[in-house]
Amino acid sequence: MKFNFQGAGIVRGFVETARNFLGSYYDPERLTTVEYPERKLALPENVRTVPFLVYDHDMSGLRCTACKICEQECPAACIKIIKDTVKKSDYLGKSQFQPQVFDIDIAVCMSCGICAEVCPFDSIKMDQVYELATQDRFAPLILHKEQLGKSNAYFHAIHPTDAVETDSLRDEAKRKAETKAAADAAAKAAAAVKPKPEISTTANSQSVGTSATANVEKAVAT
Amino acid sequence: MHTLEEIKNLVEQNVPGAVVQIVPNANPALAGSLLLDSKSATDVAEYLRDVAELKFDLCSNVTGIDWPSKEVKTKIKKLVDGVEKEVEEITKTPAFLEVVYHLYSTVLVHGPLALRMRTIDRAENNRVPSLTLVWRSCELQEREVYDLFGVVFEGHPDLRRLLMWDEFKHHPMRKDYVPPVDEGDAVEVSA
Amino acid sequence: MNSLDQIFVTLKQWLLSYVPTDFQPVGSALLSIVAIIAVFGTAFALTTILERKGLGRIQNRPGPNRVGPCGFLQPMADAVKMLTKEDIVPYAADKVLHYLAPIVLTVPIWLAFAVLPFGRNMSAIELDASIVFFFAVGSASELAVFMAGWSSHNKYSLIGAMRGIAQMISYEVPLVLSTVPVLMLSGTLNLNEIVNAQSGFSFGVGQWNVFTPWGAAGFLLFMIAATAESNRAPFDLPEGESEIIAGFLTEYSGFKYALFFLGEYLGLFAVTGLAVTLFLGGWNAPLAFLNVVPSWLWFFAKFGALIAVFIWARGTVPRLRFDQLLNFAWKFIVPLTLVNIAVAGIWYFSSDHLAYAVRWLICAGIFLGFYELLGRFLSLKRAPRTYRYAE
Amino acid sequence: MPNKITFCLTVVFTLSAAVAAIRLRNPVHCALSAALAFAGLAVAFLGLDAEFIAFAQILVYVGAISILSIFAVLLTRGTEVEPTAAVFSRSWITGIAITLGTAAAILVPIFSSSILYKIAPAVASAPVQMIGTELMTHYLLPMEVMGLLLTSALIGAVVIAMSDRPEKKDDSSHPSVTRYPSAESKPATKRDLTTV
Amino acid sequence: MSTLRKEISNGSFCGGIDVDSPLRHFSGATRTTNTNGFAHDLLEISMGPHHPSTHGVFRMDVIVDGEEIVQLKPVFGYLHRNHEKLAEKNSYLGIIPYTDRLDYICSMTNNWAYVLAVEKLSGFQATERAEYIRVIVSELTRLFNHACLVGFLLQDMGALGTPLMYAFREREKILDLFESLTGSRMMCNYMRFGGVRCDLPEGWLDEAKKVVSDYPGFIDQFEALITGNEILLARSQGVGVLSRELAISAGVTGPMLRASGVNYDIRKTDKYGIYSRFNFRVPLGDHGDVFDRYMIRVLEMRESLKILEQALNQIPAGPIIDPKAKNRGLRPKAGEVYSRIESPKGELGFHIISDGSASPYRLHIRPPSLINLTILEDMCLGQTIADAVIILGSVDIVLGEVDR
């Protein structure tokens, strides 16, 4: 039903706006605004804002090994890492560095998520906090290791799928490492009886290596 | 679509005084380009635009490239004191600025054809003819190349800086451009 | 019923009875002034918030809702903001004119309310030629717009001012001409008498001017001209924010800006009140049995409804270009108002010869014919197009 | 008595506005002062109980004429008078002569007319209806003549204002397309490039 | 007074105005001097960079005679960040998030254009599923880009935000899809060499199908609101006419070129990705005015919906990224490539020169927004300020891309 008189187009526009005006009182499609501070929408799992560092149990279990891959790959160059001087044993029992300083300048960070993507140790992940406004644009926007470190439980809470997958990979690696370690121990014990040098160390490092590359691939794929 | 050789031949046959050279792509799987001579460039461009077989009427993309002089070490065998020795010889590549145009045809729907022009050097002899009067689309893009690379387009009707401000002295896309120290940089990440 | 209807009149008389006889005229005027300022000041505040909320609803959002209950204290917050803002006068501005412009705009517009009948026996002053008075005081706003734009020493302001006065002059003509049929048929320039002329009922429906063909047409034309006269969308060219920033208001801030804002809304209110008076029966009830409702309530109900239409239009239509705006005035609205005067004449003289319905149809037909014809002429060759596709 | 005070105030106001309209240097200020003077005149009419005339005065003079004069000021050049220029010109004698002549031309008929010997009615009243009737009956011819005059002036103004620009688009040649119809044609010289 | 009306010249139009510029000869758009004897005062207005309708920090130096434009010089660079220089310092992977920020409305198509160029350079091939995902997200991008554009255009015409708000309402739905897919609403950083970064979340396809099936309702509503509106017709028809020849010569691409009647859609001509598999048409305008540009966008939205319907129904299962394609630490063989796609704004091209190192030797972005502005002055001459605003609006620029 199209009436074509002069001004018909304007009249149709009036009808349309009236429909939206009235519709806004009963049709949620026509009043789409969410009253933000009172109501917050549930974030999709994939949402990423700024990076954070995952630790197991507590800060001493920080997964980061200060390998500096993220620092290198960060397109905005907003990550600064200084290696610790002493190594600690990681979850695989391998002795690794931890970062002494791990700073991210979130004023510079553009939330691209490439750091999380390239991290071979499942350490750096993307957070979902978005109320980051501060009054000072310098110091409070530089997040230090202490602010960045968040528990694996938190990671599970915000990215359940990714976290479960990561954990299973890590468990797998750990199980392998443990069996290897047990085998090594057995071999050592055997070697003590019957000295026979070889495999053990190489096998161990290989297993870590494969797990790391597997993680890299996984990170790329996600 | 004609091959580069065919286009080159067509141009050389039909445009008097045209000097065209084929520049192969470093990656053989990708298309090469035609290097135009400064003197005949506008004529060649007009020919390419108008000739019925080619009709490159859409000049899609204009860009500059800076090729500063590089030291290339080549190992050559040389007779030194009667003994054949492997000697490293250092040669300097010529320094020049290059402008690349990518042409398409809306009529015959083919392309891209890449045209290149080179300046003699990166300092005073930084002139190439402007193709703005052949393809209007070059107007802003040539200004951009002038602004960022310092290529002077002769015959451009309105050659001013495009992105940087008029008082700016340098050409930021040149490889040897040193950005000024920003005071914001003084704030250390760990501060 | 009568007591409620006349409550304000009685109140005023009661208050005046405490005033010495010599000062009663002054007292009466003061009371009227206070009442008008209070009522329309409130209406201004209410309109700003309702307009923003209404526009919001039209645009699928709730509009201001943070200050006070449902955001209704927003005007207060705006007022506080406006009053506490720095009042910036450009260095090169003509300071005196820059200062005077908002005053020149706002003061005469308050005067316009003096002659509007807000209810039975409720108009501040009784004038023989009240409608002429109304238009006379309204004409000062052009000067104010010019003063504001010119004195600001800003190019956008100047363009806005020139647009503003050209537009206001152009639309003042149809605004006045569209009232002529009403004046012709009621035979008076007195607004109270015009309202009285519409107070009858036929078949229980009020004999408002808008129910006649010339009245309906006049109402439409009057509303269009009124929109333009009060610089509202789609005729908000003097301020066209997407073109000339804020037009003649560009260099105003703080209280002076608020005054302009106030002045524009008051102008809108005044002209809306006039539309109600001239075409919608003033304070008369639409149906006979609704006479129990106080007359001033009817006035303000109609007034509110018309304001809503202005808001609705603002949320719907894009802005005209300046030459089109003037073309629209001179080639469309003005001829139509002239046609309408003729239609009113036909209506008047055919009353003895033709049946009501026939008369109605003939008059409406003449007007609509001209409307369509002039519209075609105006929108020459402009129509939605069909497009071809390439596979 | 209050009427007299009002009248005096009005006179002072109107006259000073009129003087300002002549004396101010900025023509826009002059035009605005003239608008003020018109408004003062309207107040004077009100003092005479001539409501309709007063309102018409405001509507026409303040609302239209002063705006037109502002338009005229803005549309003409040389709006800024050099501040050093003397307000009184060298030919002030001629000026005074012209002023006196004009004043005489107005005053003589007034003083010689019989209206001076009329006695003002106690209550001035010129109902709008009466003005209308008079205009449509007694003064019909003058009114029609005025209408004709204004119409012709309007038409004249439109004719003057009509732009006589020639149509500027010549579609004959689109240089980038037609200048070199085919490759066989001679390549363009520099001259061709810039002058086609 | 005299400074208010800046006097450019005395009587004749020479100083300041470049009447004889050879550029003017492209369109034949010269302005003859007025012959009626009135001296002209010209007014020079700097529109922008803080102007409500310049769509960002863009400036137009306008000289007007009354309200008629006699000269208009666009001024760029207020948002210049030199992405091209940044790219020379960054890894090939690290450039992808920067491309998001070129045309910040359409990050997906920017990603695609860049990724496609690198794929050509290094000989990768995206997987089948990834190709479908790319088409889906790109067409969704086209949908909301066009919706926003017509919304902004009408905003420039003074429609007080109503059409814009309706457009944004629909855009939000698509942004929600992008958010649940990529984690970010606008800066998606989604595509990777050889595929895409992550697979579609569960239920995403159904949500997308719902959005796509609801979208025609929005277009109908939008058209009912405004398309037949006499004011829109009066404002846009015959305004900012761009002839077919000038459009081609000026390198105008995208909907603007097609509005001038040139059948040139890179999705059809280059058949990049898998566009050859889909059945869609290319709407063409005959007048090349603002109204045509508006309508072409509306019609293109309807065609994009067709592509989306087909793609959403045909998308196969499979890997989303080619495992052979290296992303981190990519060092393509030395070579040069120019690759382009049909971004919603026009031809978005990437010209990359690799010298075999980890970051490009030279990366050039061919921004459709900038090049479509080449003939802004030609379209605006002789029109009014109000027209210039909507002509600029109809070009569809995003300053992030214009200035890069």
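In order of appearance the chains are A, B, C, D and E, and numbering begins at 1 in each one.
We adopt the following convention: a residue touches a chain if its C-beta (ideal position, glycine included) is under 8 Å from a C-beta of that chain, and two chains touch if they have at least 3 such contacts.
In this text, all values refer to a predicted model and were calculated from it rather than measured experimentally.
Undergrad: So, comparing C-alpha centroids, which chain is the farthest one from chain C?
TA: Between chain C and the rest, the longest centre separation is with B.
Undergrad: Suppose every chain is reduced to the average of its Cα atoms; which one is closest to the average of all protein Cα atoms?
TA: Measuring from the global C-alpha mean, the nearest chain centre belongs to E.
Undergrad: Which pair wins on C-beta contacts, C-E or A-C?
TA: If we tally the C-beta pairs in contact for C-E and A-C, the bigger total goes to C-E.
Undergrad: Averaging each chain's C-alpha atoms to get its centre, pick out the one most distant from chain D.
TA: Most distant chain from chain D: A.
Undergrad: Could you give the separation in Å between the centres of chain B and chain C, each centre being the mean of its C-alpha atoms?
TA: 65
Undergrad: I'd like the Å distance between the centres of chain A and chain E, where a centre is the mean of that chain's Cα atoms.
TA: Those two chain centres are 33 Å apart.
Undergrad: Can you give the whole-Å distance between the Cα centres of chain B and chain E?
TA: 26
Undergrad: Distance between chain A and chain D based on Cα centroids, please, to the nearest Å.
TA: Those two chain centres are 75 Å apart.
Undergrad: So which stretches of chain E touch two or more other chains?
TA: 22, 26, 162, 166, 169, 225-233, 246, 249
Undergrad: Tell me, which residues of chain A touch at least two other chains?
TA: Chain A, residues with two or more chain partners: 6-7, 9-10, 13, 16-17, 20, 32.
Undergrad: What are the residue numbers in chain D that touch two or more other chains?
TA: Answer for chain D, listing residues that touch two or more other chains: 26, 28, 176, 193-194.
Undergrad: For chain C, which residues count as touching chain D in their complex?
TA: Per the stated touch rule, the residues are 94, 97, 127-129, 132-133, 135-140, 142-143, 146-147, 150, 162, 165, 169, 172, 187-189.
Undergrad: What residues on chain E touch chain C, complex-wise?
TA: Contact set of chain E toward chain C: 3-5, 43-45, 51-53, 67, 154-162, 165-166, 169, 225-235, 237-238, 263, 265, 268, 281-287, 291-292, 295-296, 299, 384-387, 389.
Undergrad: Mind pulling up the chain E residues that touch chain B in the complex?
TA: Checking each residue of chain E against chain B gives 18, 21-23, 26, 76-77, 80, 82, 84-85, 120-121, 123, 246, 248-253, 262, 264, 269, 332-338, 340, 347, 349, 351, 353-354, 361-362, 364, 366, 370-371, 373-375, 403-404.
Undergrad: Under the stated contact criterion, what part of chain B meets chain E in this complex?
TA: Listed in rising order, the residues are 25-27, 29-30, 33, 57-61, 63, 65-66, 100, 102, 106, 109, 112, 114, 132-133, 135-141, 144, 148, 157-158, 161-165, 172-173, 177.
Undergrad: Going by the contact rule set out above, which residues of chain C touch chain E in the complex?
TA: Its residues touching chain E are 55, 58-61, 92, 153, 155-156, 158-159, 233-234, 236-237, 240-245, 314-324, 379, 381-385, 387-391.
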